[in-house]
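You will see two complexes here that share chain A, one where it goes with chain B and one where it goes with chain C.
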Partner chain A sequence: MNSIHDMGGMHGLGPLDPSDDEIVFHAAWEGRTMALARAMMAGKHFNLDEYRYAMERIDPARYLQFSYYERWLEGTLNLLMEKGVITQQEFDAQLSKLSKADS
Partner chain B sequence: MSSDASDGADAKTALRVRALESLLLEKGLIETDAIEELVDMFENRLGPWNGAKVVARAWTDPAFKQRLLQDGTAALAEMGFDTIQGEEMVIVENSPGVHNVIVCTLCSCFPWAVLGLPPVWYKSAPYRAEAARDPRGVLREFGTEIDGDTEVRVWDSNAELRYMVLPERPAGSDNMDAAALAELVTRDSMIGVSKVAPP
Partner chain C sequence: MPVVDLELVKNLYKTPGAARLPVDVAPRFKAGDAVVARNINPPGHTRLPRYIRDKKGVIENDLGVFHLPDSRAAGTGDQAQHMYTVRFDAREVWGVEAPANDSLRITLWDDYMNPA
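Right after this comes the complex of A and B.
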């Protein structure tokens, strides 16, 4: 399917920045995001192809704005909700619980 | 530098990740130890030092090199590098007339088993877009000039098929053993955006 993820040959995506600090995860949450997605696949809550497709279905404008691991996170959340593993209500409640605990 | 996310979005996203992790934990769908183990694997156990050993062996063991080019997946498994997601591995060899470079135009497919997770630039939109259209220009960004007589081959990775470049052994390395050679091999040379520098 041709959508925003199909970038080969596209023009105008800005200059390439070849710099590299060789850091695998630039924030702890990036590593957790990757591990959670892998764990969900290992637990057969979804498979790799479904997962890729979930990321490819992200709204094109948001796809371009998201960082790499933000896409992973949104893909994971969307799939888990579509599959009924978690609900939006549960997730929102958890978010607000953690926000309150932090403040 | 070259962070994956802007700082402003970072705290908010970190909270979303914590919310997801704690929710899955409460539901008994994950174990914290297993999550820590996965992070450790990606951060510390998978990396280009694995691919460097493969390259050094290919440079010093012609029979292995032949097996590697014939059936990459099997030859890597022989060295204990099993592919992580069941994908096939193809090793493409650089030679005086041919320079290979790998990309994943669709996302970020990368030979994890031998190179670890890809660098930020590999996953970036400009690399994905331009490596396919103007590979010589992209290589120049990495300070790599490929002369006009050399063919540049671009390999677009996908879910089922991953590539690794077997770079050319540099001049002046004739007396080095495999362990010393592996020290010369960089991740970028196995992606194909640079060459292995002479010792």
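Right after this comes the complex of A and C.
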């Protein structure tokens, strides 16, 4: 797929910034996102190649704005809905519940 | 059906790290073979990046047999193929302004290449 993910040789994206000393997870949700993705693959809900393809299909403007694990999370959510593991309604309901619990 | 249960978590720890497949498949290429990356533009998943298409390289190393990502992402059936480290001169990829002695190595599957 010729999408925004295939950026080898592209100019204008600025210098690489390795200054955070290779921190693995910048926040707890990033670790949970990785664990969720691994669990879904071990549970055979999707495979690694389907997962990469899901991330490649993220809207290009959003793809560029997302951080690394935001792409993982978006890819996971899209696949879980495409595969019928969860529905959009279930996701929205849970999000609404958690938002209320937070406020 | 729970999405995550205890058996699944146990299996996570048993999952082997390498995706290499223990199957006997004939390789299309061997180390030293001159190849050209195919110019394909599939709407589905591929791990053949745009910048390497139509470029000439040399097989450096046969890494063994792996699932072709393209068909596995599409769910159209697993295809076990050899995957290789392939060397491309920087000037072949990026043109005459690239350093003369630089090269890049990229892993490519049998289906991604033709004999040069």
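To be clear about the criterion, the second predicted complex is superposed on the first by the 102 of 103 C-alpha atoms of A that agree within 3 Å, B and C clash if a C-alpha of one lies under 4 Å from a C-alpha of the other, contacts with A are read in each partner's own complex, and residues count from 1 in each chain.
Just so it is clear, a residue touches a chain if its C-beta (ideal position, glycine included) is under 8 Å from a C-beta of that chain, and two chains touch if they have at least 3 such contacts.
Predicted model only: the values in this text are computed from it and were never measured.
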Partner chain(s) touched by A:81 [first = chain B, second = chain C, both, neither]: neither
Partner chain(s) touched by A:64 [first = chain B, second = chain C, both, neither]: first
Between chain B and chain C, more extensive residue contact with chain A: B
Which superposed partner A:50 touches (first chain B, second chain C, both, neither): second
Chain B versus chain C as contact partner of A:90, first or second or both or neither: first
Chain B versus chain C as contact partner of A:8, first or second or both or neither: both
First, second, both or neither for A:38, with chain B first and chain C second: both
Intersection of chain A interface sets (partners chain B, chain C): 6, 8-9, 38-40, 43, 45, 48-49, 52, 56, 85-86
Interface residues, chain A side, partner chain C - complex: 1-2, 6, 8-9, 38-40, 42-43, 45, 47-50, 52-53, 56, 85-86
Residues on chain C engaged by chain A in the complex (per definition of touch): 3-4, 8-9, 11-12, 15, 19, 41-47, 49-51, 67, 69-70, 72-75, 93-94
Residues of chain A touching chain B in the complex: 5-11, 13-22, 24-36, 38-40, 43, 45, 48-49, 52, 55-56, 64, 67-70, 73, 76-77, 80, 85-86, 90-91, 94-95, 98-99, 102
Interface residues, chain B side, partner chain A - complex: 1-6, 9-10, 13-24, 27, 29-30, 34-36, 38-39, 42-43, 85, 103, 105-108, 116-117, 119-121, 123-133, 138, 141-142, 156, 159, 193
